Amino acid sequence: MLLQVLLNGILIGGIYASFAVGFSLIFGVLRIVNIVHGEFIMLGAFITYWLYSIFGIDPFLSLPVSFALLFVGGYLLQRFVINRIIEAPEIMSLLLTFGLSLIIVNIALIVWKGDYRLVNPEYAGANLELGTLIIPYIRLATCVFALLAVGGLQFFLQHTNTGRAIKATSQNKEGARLQGVNPARIYAITFALGAGITAIAGSLLSMSFSVFPAMGGDYLLFSFFIVVVGGMGDLPGALVGGFILGILQSLVTNFIGAGLNYIVIFLVLYVMLITRPTGIFGRGLIE
Amino acid sequence: MNVFTFRGKRFCTALLILLLSMALSVTVYARDTFVFGSAIALTGKFAREGASLKKAYDFWAQQVNAQGGIEVAGKQYPVEIKYYDDKSDPRTTTKLVEKLITRDKVDLIFGPFSSGCVGPSSTITEKYKVPMIEAAGNARSLFKRGFKYLFCTLRPADELADPYMRLLVKQTPKPKTVAIIAPKSPFYLSAASGFETYAKKYGLDIVHYETYPVAMEDITPILQKIKAKDPDVLCVGSHTVVAMMVMKQSKEIDFNPKAYCFSFGTLGSEFPKELGDDANYILEYISISEGSPFEDPLFGTTKEFIGHFKEAYQSRPDSTQAAAVAGGIAFTRAIQNAGVIPPFDEAKRTKVRNELAKLDIVTAAGPVRFDATGINEANPLGIYQYQNRVPVCVEPDAWLEAKFIYPAPKWGDR
Amino acid sequence: MNRTVASWWALAIVLVGVSLMAPLFMSGYALRFCTFVLMWIGLAGSLNLLTGYTGYLDFGHVAFFGTGAYVTGVLMLKVGLPFFPAMFAGAVIAAVIACLVGIPTMRLKGAYFAIAMLAFAEAMKHVVLELDGITGGGNGLSLPIYTNYTFFYYTMLAAVVFTIAVTYWFGRSKFGYALKAIREDELAADVSGVNTFSCKLIAFGISAFVAGMIGGIYAYWMTFLTPDDSFNVLLTVRMIIMAFLGGAGTVLGPIIGATFLASIEEILWASFAYTYLIIVGVIVVIVVLYIPRGIVGLIGEKLIKQYRRKGKSA
Amino acid sequence: MVLKTEKVTKTFGDLLALDAVDVSLARGDILGMIGPNGSGKTTLFNVVSGVYRPAAGDIFFQGKSITGRTPHYICRKGIARTFQIAQPFSQMTLLENVLIGAMWGDGKSLSKGRDAAEEVLDFVGLGEKAHLVPDEVTTEDRRRLELARALATKPEVLLLDEMMAGLTPTEIEEVLVLLRQIHASGVTIFMVEHIMQAVMSVCHRIIVLNYGQVIAEGTPGEVVKDEEVIRAYLGDRYV
């Protein structure tokens, strides 16, 4: 039983990690708390849903489409809107992205209505039984894809010129500028990458959970948790944070009771913030 | 300073005139239609449920108007329903209900969606002595407050579980154990406590009872826990998304109770559309079925009523929709019994209220008789089961459309 | 200078006078609408006391509103206290909780504080859900019923006048200056002798007191509470938008912001539900990008410029 | 001794920013502190003014330990400081900026504080600009504002962090006049300064910091001849 509980936590944790990584990346480089994040998840999920329900495209094949569309959208959003307040106090970026989130959610509500939808392909309920352990294929696959996406991002940051420029900008903006990096461009690319990878996470989520316009809010809360636990701007930390959240939820629900689930999560988040704002590895940013 | 006081005076006078003219302009003109009002969730967390409730009110109004209106003392008065969107927010419901009563001067009120919104807004209808019939807030606590103007055409939430258990204990092998889960919100909790009461009453053993936060979507951990206890029956205080997630996640972890009971939300068109074959074998209660022996002059037999409703909205009326239509008919009959014509004043509304309290009628959407607290005690209850993606009535025997399939096949054998 | 001060006072007196007389001419829906506007002014004002003056963006402010509402409800229902003592107790408990929570939380800055408070408010909601023996949990709490809506209008008005008075005091007291200094540069304030931590904590407590007080009135007025509605994060969001739209850190800001937003909501919402929220979103974006100091700031700056121009030409 | 540090040490991670620094100021001193960039001068000010807590060592003010106390406590006791890059309260007028110091640092009421603030602003030459906001005045004026805010707290000891960097010779001369007046009113001054001409002309004594250690101390004349100082500033080959 304990093994199964841990396994559930890990499987779900992989997806959690993938949507928190984008949040962490954007905070780490741009120093903004991106409230639109939840809507990126929602848009990714809807892209997968529509491709699946209209064209019958396998949900996993829609991942690149989600990434590409949100990459472009994120780039434009940063370049033309968010960039204008990048130097302003944090409150302003919180408010701005919050306003954007209101706009996106409600447009989605007009276009797609409040209906709950499922991406439910043939193989959705299949599972692998290992003795008493049950591993739903779809959760295993989404977890693996989520980890691949995070790994890809990490590879990109470490082994490409643009990636290195992003890292340099996050560490020292003025220094990067002196070396010929254009921060505005780097910011836009970072934001686009963050949006793209978050959309992939949204697509993956849609295979296990319901899809509806207001779905982003709760995932945004989870992102806060993961990123605070992992350390703001610390990508491997976000990965670990995701697993911690998944396992914690699973453990609490199993051994204490579902009602206390959120209380425990928020308490942990709260205590982390106060005692260790740099995250478990102590590598996160503080102001 | 002199200048200012002068200006202030003029400003005050202007304001006074404005306010007075506003007060005077809200006089009630004679009209020969009945105007009903409803503040109902068209956006927000209950947008879906609110919209389906509105469909039912509209369905009733269209049918009444198609026949020329409500006939009182030889004259027909068409009906009109004035809607406002309460955004699923009880604060807004109270504001809009008061607006409907004091500004729009509606004659009677149809209720909002969910107990959370019925609770505060019913104190307003009570204050203004405007009868409200609602079909979406049947938590007992709402009817323990001694209100005189609040009526609910649903059976009390805690009684709804009766038909499920009644049906289940008739099966062989007889189920022995039940697990009950529900999100923590009045609507689901009262359903869950009903499941608990009736499971005990019919001698079933409750092996698991758990409520969880509404926001929690990944309920696999809970289901896993329940799976380990291997209950015969899973009962869920639900609405659409809860029911969808329970089915999807049960399949993922290969959890196979012999019966899935949902309190609400599976009869709309979304549930079978999104789940496909995975929707099969689940149960939801209903107060009418095509086989129900009810009829009324407005809709004809229950079978005809359901047929028309399906034509209009591509789905069977679920329990709240049926109750909403029954509520419309209850208003009609109370108005006719009281013999009052629009527009209503307090005396006329009181008459209607007294007639409602005495009402004992049968409608195509189910019988209506309010008990002393204002909640419908007459509705018989039945059960639908999804078979081949279509809900069919499996209880009571008199309404039977198909044989109840029990136990539900395991996921692997479907 | 004296004339402007006098006219401000006159304006205030006229406003209060009109508000006092309003129920004579209004009833039903209009009265309820005005009571809601007052409630929002009070809530936006409460947030403004903290966020507007110290710069700490509280994303969990609804926790104090909810605490006030539930404490009032529970005390009236389970202990049988009359309304006013219950409401006062609710406000005090909200303030005490704020101070206790503030001791660790107020050490955080910017986004970290915002997120921590959000987590706190969500946790509070679930605590109230869990304590169902006392609070009724998910089933909701039904208070004693009192339907004299004029009473609620006046009570709300009194709470708002209190809030504005406190804001006014913040604007021109030693304490208020300390808060503004903290907002501008906390370190510089500290080395200039401002006891930043206590000042922040006191401001937090006062702000929570106001929110709790309004929560208490709200509870008795609505008669029915559920945790989801009383601790709804959207309430916090509206307080923030209203305060910033009007102009954070000013006396008039929350009044203007709340009245403006509540009014356009009333006009637009009935006909365009989602469009309304899109419009709110657009307003937020415009405020942030173009008028970060809110309506009051915008007008205030214009006035200052005009005043200067006059001064120069003279 | 009005201010005295004993073996004050401060580390940032692995970096030893201050290494057992001993400094003492007698009443009426004007002590200058020089040293290359990153030698720990500002860190020492931050430790003395309570912004940082030292890792080891003690700080005494008028014979009593103030180690690890909060900045506002230290300010109220009588040690005021300025920042290298002026940190004004940007949405408050110059008068209000100084008022904060007068009310909170010196415990005055609002109305008395206002009078005091006006006086201090006049003294530093900003009386005319009292109702402007910091963004509307020059860099030099912002430095003066910084000074005024510190003075308004009625300090015994004034810590000045590079008051004159980037100023023109005339402006420097004006500031020096101010400093002498402040000193004449009985305030002990401890200043970090790069402008040697200024340091030489006003300071009674000078300490030199390098890599967090005091490498030299003495009168201005002695210090400039010190070999270690020259090495620290210019490199070995100039010795």
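Labels for the chains are A, B, C and D, by order of writing; each one numbers its residues from 1.
What we mean here is this: a contact is a pair of C-beta atoms (placed from the backbone, for glycine too) under 8 Å apart; a residue touches a chain by one contact, two chains touch by 3 or more.
All of these numbers come straight from a predicted model, not from anything done at the bench.
Taking the CA centroid of chain C as reference, the farthest chain centroid is that of D. With centres defined as mean CA coordinates, chain C is found 32 Å away from chain A.
Centroid to centroid, with C-alpha atoms defining each point, chain B and chain D lie 73 Å apart. Chain A and chain D, compared by their mean Cα positions, are separated by 47 Å. Chain centres here are Cα means. That of chain A falls 37 Å from that of chain B. Chain A has residues 109, 259, 262 in contact with two or more other chains.
Shown for chain B are the residues in touch with two or more other chains, namely 43, 184, 211, 213.
Counting partner chains per residue, chain D has no residue touching two or more of them. Contact between chains, as defined at the top, is found for A-B, A-C, B-C, C-D.
Of all residues in chain C, only 172-174, 177-178, 180-181, 183-185, 187-197 touch chain D in the complex they form.
Across the complex, chain C is touched by residues 1, 4-5, 8, 11-12, 15-16, 19-20, 22-23, 42-43, 84-85, 87, 89-91, 94-95, 98-99, 101-103, 115-116, 119-120, 123-124, 126-128, 139, 141-142, 145, 183-186, 188-190, 211, 213-214 of chain B. Only residues 49-51, 70-72, 74-76, 80-81, 83, 87-92, 96, 99-101, 103-106, 109-110, 113, 149-150, 153 of chain D touch chain C when the two sit together in their complex. Residues 43, 45, 47-48, 184, 210-213, 215-222, 224-225, 228, 240-241, 244-245, 248-249, 251-254, 270, 274-276, 278, 411 of chain B are the ones touching chain A in the complex. Only residues 1, 4-5, 8, 12, 109, 113-118, 120, 124-125, 127, 129, 134, 136, 138-139, 208-210, 212, 214, 218, 249-250, 253-254, 257-259, 261-262 of chain A touch chain B when the two sit together in their complex.
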